[in-house]
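Structures follow.
In the two assemblies presented below, subunit A is common to both, partnered first by subunit B and then by subunit C.
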Partner chain A sequence: MRINSFSVIHSLVFSTGPSLWLGMSIVTVQLGQCGNQIGFEVFDALFRDSHCSQGLCSKRENEAYQASCKERFFREEENGVPVARAVLVDMEPKVINQTLSRAARSGRWTYGQHACFCQRQGSGNNWAYGYSVHGPKHEESIMNLIQKEVEKCDSLSGFFIIMSMAGGTGSGLGAFVTQKLQDQYPSSLKMNQIIWPYGTGEVILQNYNSILTLSHLYRSSDALLIHENDAVHKICARRMNIKQISFRDLNQVLAHQLGSVFQPTYSEDGSFHYRRNPLGDLMEHLVPHPEFKMLSVRNIPQMSENSLAYSTFTWAGLLKHLRQMLISSAKMEEGIDWQVQPPSSGLPPLGKMSAHKDPHFNTSIANLVILRGKDVQSANVEGFKDPALYTSWLEPLHAFSTWKTQRAFGKYEKSAALVSNSQLLVKPLDVIVGKAWNMFASKTQFQKEEQMGVLAWALDVAMSLLAWDNSAACIPAIPLLTTMFITLEYLSSVLFSNMLHMSLSHCSLPMSPHLAVHPSFVLHLLTKYGFLSRHVIFDD
Partner chain B sequence: MTQSVVVQVGQCGNQIGCCFWDLALREHAAVNQKGIYDDALSSFFRNVDTRVGGDGSSISKGRISSLKARAVLIDMEEGVVNEILQGPLRDVFDSKQLITDISGSGNNWAVGHKVFGSLYREQILEKLRKSAEQCDCLQCFFVIHSMGGGTGSGLGTFLLKVLEDEFPDVYRFVTAVYPSSEDDVITSPYNSMLAMKELNERADCVLPIDNQSLFDIISKIDLVTSGKLGAAVKPKSLVTTNMGTVTKCPKKPFDAMNNIVANLLLSLTSSARFEGSLNMDLNEISMNLVPFPQLHYLVSSLTPLYTLADVNIPPRRLDQMFSDAFSKNHQLIQADPRHSLYLACALIVRGNVQISDLRRNIERLKPALHFVSWNQEGWKTSLCSVPPVGHSHSLLALANNTCVKPTFMELRERFMRLYRKKAHLHHYLQVDGMEECAFAEAVSSLSALIQEYDELDATKSMPVLDVPRLSVAL
Partner chain C sequence: MGRRRHRVEGVARALPEAIAALSRSLPAGPSPEIFRRAKFDRPEAAPVLWQLLLRVLSPLGANDTLTDLAPEAQARVVKSALDSQGYPRSALVQFPEGSSQRSRELLLALSWLLARGPFLEQLLAQTRVQLGDQLPQCEYEALAIPGPLGPHVETESPMDLRLVEWLMGKLRFRWRRLISSQQEQCTLLSKIHLYTRGCHSQKNLDHLSVAETEMLRDPESSQQLLQALESENVRLGAALEWRQCELVFWQWMDTVLDACLSESPAVTSQPTVLPMVSEHGCGELELVKQELQALQEELREVAEPRRAAWEAQVGGLGQGPEWSTTRRALQEAVRQELAALQGSWEPSSDPTQPQRPHRLVRRKDESPGPQGLQAAEMIRTLSTQEAGLKKALHQLQSQCQQELARLAGALPGLIWIMVPGH
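== the complex of A and B ==
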């Protein structure tokens, strides 16, 4: 069982590193236009915060914070300018060039000189190109670059992979790279930062690309940290009062949220001792079960730094809002539905919880609240420990954690971030699967290919996996899951092989399209492909 | 960065091509202040050291020495190409990348396709291969020709077959000028119909244009510029203008119309050449906008047609730009996309426009548009930071919409009127290799296409079919 694997790995790595007082490093992989644009803003936000003069703490404290942040995300070069521990990958050169020059122009930090890989022709918004064509073709070069960056870390916590779901490179190549990272660095952790596209469309194929990305990443990644463009856009519009919102604005809000999660926090040892394994700690607290790994971030206060001068906050107020944002699935600080309340307390018997549950109530598997700033020790987080907020199979003791740090984030005297593993993303996922299914199913009317039903099933499986009602109780049976994953992988292979040929008529499957999870069918797959095999061979 | 090669065929194709290269040079001149040959320039131009004799070897970086267009000029009569080569753009074209003949195709598709096709096949192949070799990474062939004539339509479509065989991985974008109803060429329906069959089968993407629409747009602009607002319009910003152009000679009659098409092609490739916050490459156009291989006809519209001299563009003007893109007066063929069914729509925005403006306008305009049931949010968007010459921002809308159907039906109608009487048919049948069944095949190809659009239109009024999702049997 993998449940305890994170703590095992965590302690293994934790104890076998060399001088670890500075902590472990994270190697960031930026993929595609989205990944590279966001990556820049993240490094910039981290750097600016760590060099922020305020901080509201002692000089020694600040220096420890800076050093810890630096070790995590940057490395030193000869001329003293910090170099981001990042690898930039894109299938066309414009964005990488732009990103590199922006970093160089800032003068504060820079990217490694040879840390990028790009080609000439993009992926054409085709997931299959990213995954099956560019991936294998450039595997060696990309993995070499990553290897070089890893070698420059004293001790590696893991990988932070930034990508979008809607495009071709970020999504397809991102899924491929994550898989290769799992093969090559099995004991390092991988967190994927995924951008969920706008609902009203940025790319016509975004639903297909999203489904394929999620289903693949679900098996190779350790945690998926998801940001929705629509949500971040609303924050910019309503909370930050930006009139003409650009992608840069969106990315900066996002970077701010990520910064408030990833910047150093105190370990249990107390002040001046920052947590050493950022990814390990996050996963240990937030991903207690490998089948539930979709995380979301909320932060408070959500306002631009300029408006801060006119506002004061109390921890009580901030935490109250944050808690309500969690349980009412609100994505921002405004328009929170205060009517939604957790079901009446007291652990109800298994299976009966859904009857009393408010349909808008958001059940969590695990939550992590990160508090930074003045008087942080006085902040009362009892509201988050209510068992009614959580599923029945995990005690709040294990499901909820708080990290408190005196050192403030940026100019925010008090700030709180909530990283949550909950049902928040189920509805958006349902919407995407519905749309992908719609687009796909109606093509069957035109193309009259029955085998397409197989693909539809894959989509539905993806959905079912991710939408299990937590209150329905038991930890899902592992064998069944494995079966579904194998099938899903096989079916996804078929889909992307078709996308590769850009024609839905080249689909040949060795089995009947009318499917249920029939035992013989399962046996057939298990023998043919091997248990959790990654190399799928299909008949022509 | 990828490169594209423009192949201009026939009188129409070459005249449009000429305007295109002129505008491309102006656009790059406005952006490229330092005179360095960069990736953006390399997509359409080669940098050639003319001091070295002969063809001139290509220089990949450094200062611009001499720019040569990545173009192949084909015409079966010499007049137009000669004029280009004697004109101010003569240095831009590589003298070896031409194919000309003397007599012309006589407005006969069969002559263009069969006779000149077989005669010049080897030469065409050689020139194309040469252009391809000069590219690091060739992505796309832009073919420009008219449908109604003989060379453009016949040889132009023959060319498509060559491209498909020799360069199967390279996209084929065709800009095809369809004859208006008052076309002066009597056999244009035959030529267009025969060409349509080839376009159906061999082009990746077709941008149909017709003269009447271009003419209407010109009239509208003339109305504005000669009226009250005339003084306030920035002359350089007219989408039809070739002001600032290299040539000092008086404007040729079709220049204004050709400039519109030139603008279209440049905007199409702008996001691939220049940077922006949401890039769109050429391969994404085909991938996103063509849901079924047959339905690859994209109706285009360019806005704004002119910019007022007012520097501060309030959001209302910006929004007007988006609204105009969907009005039937701005489309480059006679079509009304608003009242037909959208399969997909791409918005390529250039200049100082941000994602919130784009979002706001999509939300605003979407309710009035009909999208096919399985692609309700069928938008593909792109933001390029570099505006076209003379504008601060512009929008190119590409719609895969059933509103192309009337154009095709009318074409079929005009064809049938001639064909029923077998009028002028003998000119075609006289040509070696041309048989009457070719006509029948062409008609059935077009009819099948119209049929597909009909089927889609039928779904328009139907309620959204909620095909039940399969459930997992545990």
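== the complex of A and C ==
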């Protein structure tokens, strides 16, 4: 007989019964302007939802829900005001001060007194500045802050790192911090909340920054949850009817999506206890494969809370729309293309070509659907278990999971969220890599700072390549610039090959963990872009 | 005549008692009647024996999940466990799964397990009632009884590599979660020990363990504890009894084996290993000695030509006075490597290695007392072991890399760029 089981120990220490067995905590690192603004909205949304009076469930259950959310994202201080488990980092003081004062003004919750780190320098939208200059310089201070926050957790599930991909601080410093977290807390989970920039964004170097960020994070992070500015913008414009869309509106929609994923849900054994470690469960379901780490999130209904009074929803309707959003790669619940259907499994009729998959059809590797609200037990998710939705090598039994809770989210009587590991990000990634490639290849319109930036970037990337596994050292004799070139090719190929495998996955191509590059191809590229015949010199 | 009958009767009485003692000492032991039926290969004995084997072969705490399996799956688990322990009789493995068959084979398997080592003692150690707090998962415990594979996916067709990577990733995540929850458990244990300082009646313990604290909080659990201790006592008593009269059981098992052989001589073409208890030591030792000698011969054969070749290559180098420092440095390096190798070889001859479970006690002063073991020492031992294992892992990894490089070199037109960091 094992008396000292975990729940007993827990209940001894916390003097609560085993039924209020609290969950593990998540520490959030907010990086850069984007990260800090969004971080505030996330904590605010979580807090408001957990203290929402409606809830639509029993009082006891509501208390359990609140307690679970609170333990995960906040901690208690002496004066009773919950303190967010967060560390704020930025290279400029303005946004951090704004964030801190907004939190303090609300009076409902606040940030820790010494939880922020800022400088007066800025990063000039330069990834290399964030990664190679600010990172090492401020490593100790930042990691100390994080350590202090971790020590205040009774049990740490992992980290959220909120950052944008386009700027300099969020992207470069974010990649650096994630790597340091990997080194210092190897058994904790890390999820990067990444803000995907607008396609028509203003930052010139945003495509370089994005590629570098993604390739570094792929190595050191466990999951990349992508939030696309374009998608969120559309939701604001069309579904929420906001005339002048500000960043605050975008951030609030984003926070709503995140909250509807990470607020408490019942654990697997159906016993109406709240799940202890949603971050761990989510990662285990969606991103165990090391090559497929990018996730997107969709939620439904997307209308604003004020319009809810005029609508009623059924689970069948919500799930049908959500499924079609997944299949047709829709970003919004409006304008969904209902023509896109999964490939039929029967034999092709005579005279026609073999059943080809609709090119717009989105194949998934794994999906997680989260349902909140009234009568959630009656919701039918069979539509998501169709094998045609998934790749050939993973059955729906392994690929699909559902989380539920009776307790409604905010004022939405019924709401559903979908976290998906699928081809939803293939097109946006295509766009970014293509633009970065063109920019690099043409290298005509650089200003001086950008040349410095590109040199720093190139050196960094080359150093990373040379630091790799020594058995790849069949290329020691090739000079630095060509190494740099191969690196860019490799980076985009890795990202491309992920997309390639995702799009061809119905042909069960084996995935090779390394990439073979034929040297004549490399020489051809070098000649084509003129690197062989002249040196590119950047003077100081 | 009378004396012989008396002796036979004596034996006839001793056997059921021995079997009864055995079944009392096993967890969920079957009745002696089952044993008798199994000797005659009766089908009704089989399911009980399958369950028993499942129970004794599965690792700690897995019992609940394993009893939910279908009978075929249970049979598979038992067979794979027996296989991994080196069970020599193929009769059990060859025939298709069926829970109402092979009860005699199951009986033979059970007695093989009992005969080959301190199996019963290990079982009893596994399920002892703990009053104190134990170290979360000490290495010696985990190595004592190798667990069987869990229910696994049966694939006739080759598996997609991506699925394998997916499953490996899941395993890695669970591993990390296990580590996190162990860290959490340690933090909480530390809190309990702090809060209950000065509460224990024994001065050298000073604070309460979790079980003791729970007893104070909830008197019903002390009843449960009492019951558990009582049933453990019963089992221990039965095990002692068994040890005294087990000879009778082995003689009876001989007859079972004869019955088996007479029925199907073709099956058991390999020599079955059911040694009598007394022969236990000698046979194995001989075998080991022979293996060692063979290994030494092999090493010598391999080393000689290599040394000769090296000497031929080096020639007269390394003999002069200017080589003395280099030679000394080389000797030092070689000595260190040999010491490291030797250290990694010797498993548990280290005196600081705990031979039996220790209770966790938090203390202000430094002295652990005669029986005790300081945490720092324990940590040091575990760290050296960890370092040794890491080195072994690196060696294996570099071997793999060399192999890959060799394969890559075999294709002249290619540059291989490895994905970093896995």
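Assume the second predicted complex is superposed on the first by the 410 of 540 C-alpha atoms of A that agree within 3 Å, B and C clash if a C-alpha of one lies under 4 Å from a C-alpha of the other, contacts with A are read in each partner's own complex, and residues count from 1 in each chain.
In this text, contacts are C-beta pairs under 8 Å (C-beta built on N, C-alpha and C of every residue); 3 or more make two chains touch, one makes a residue touch a chain.
The structure presented is a predicted model; accordingly, all values stated were derived computationally and were not measured.
Q: Could you look at A:L205 and tell me whether it touches subunit B, subunit C, both or neither (first, second, both, neither)?
A: The answer is first: A:L205 touches subunit B but not subunit C.
Q: Scan A:S188 for contacts with subunit B and subunit C and give back first, second, both or neither.
A: After superposition on chain A, A:S188 lies in contact with subunit C alone.
Q: Counting only touches as set out at the top, which of subunit B and subunit C does A:P290 meet: first, second, both, neither?
A: second
Q: Would you sort A:P387 into first (subunit B), second (subunit C), both or neither based on which partner it touches?
A: In the superposed model, A:P387 contacts neither subunit B nor subunit C.
Q: Thinking of the overlay built on chain A, is A:L156 touched by subunit B (first), by subunit C (second), by both, or by neither?
A: A:L156 sits against subunit C, while subunit B stays out of touch.
Q: Just subunit B (first), just subunit C (second), both, or neither: which does A:Q121 touch?
A: first
Q: Who does A:P396 touch here: subunit B (first), subunit C (second), both, or neither?
A: neither
Q: Just to be sure I read the superposition right, which of the two partners does A:G280 touch: subunit B = first, subunit C = second, or both, or neither?
A: So A:G280 only meets subunit C here.
Q: Between subunit B and subunit C, which residues of subunit A are contacted by each of them?
A: In subunit A, positions 464, 515-517 sit in both the subunit B and subunit C interfaces.
Q: Quick one: in the complex, what on subunit A touches subunit B?
A: Interface residues on subunit A, with respect to subunit B: 33, 37, 92-95, 97-98, 120-122, 124-126, 168, 198-205, 233, 236-237, 242-248, 250, 433-435, 437-443, 446, 453, 456-457, 459-461, 463-464, 480, 484, 502-503, 515-517.
Q: Which subunit B residues qualify as touching subunit A in the complex?
A: The contact residues of subunit B facing subunit A are 1-2, 39, 136-137, 139, 274-275, 277-279, 281, 283-284, 286-289, 291-293, 344, 354-357, 359, 362-363, 366, 373-381, 383, 455, 465-467, 469-474.
Q: Over in the complex, which subunit A residues touch subunit C? Could you list them?
A: 1-4, 6, 8-10, 12-13, 24, 154-157, 186-189, 219-220, 277, 280, 283-284, 287-291, 391-394, 398, 464-465, 468-472, 474-475, 486, 490, 494, 508, 510-511, 513-520, 522
Q: Tell me, which parts of subunit C touch subunit A in their complex?
A: Within the complex, subunit C contacts subunit A at residues 61, 129-130, 133-134, 160-163, 165-170, 172-174, 176-177, 179-181, 183-185, 187-189, 191-192, 195, 209-211, 213-214, 217, 221, 224-225, 228, 401-402, 404-405, 408-409, 413-422.
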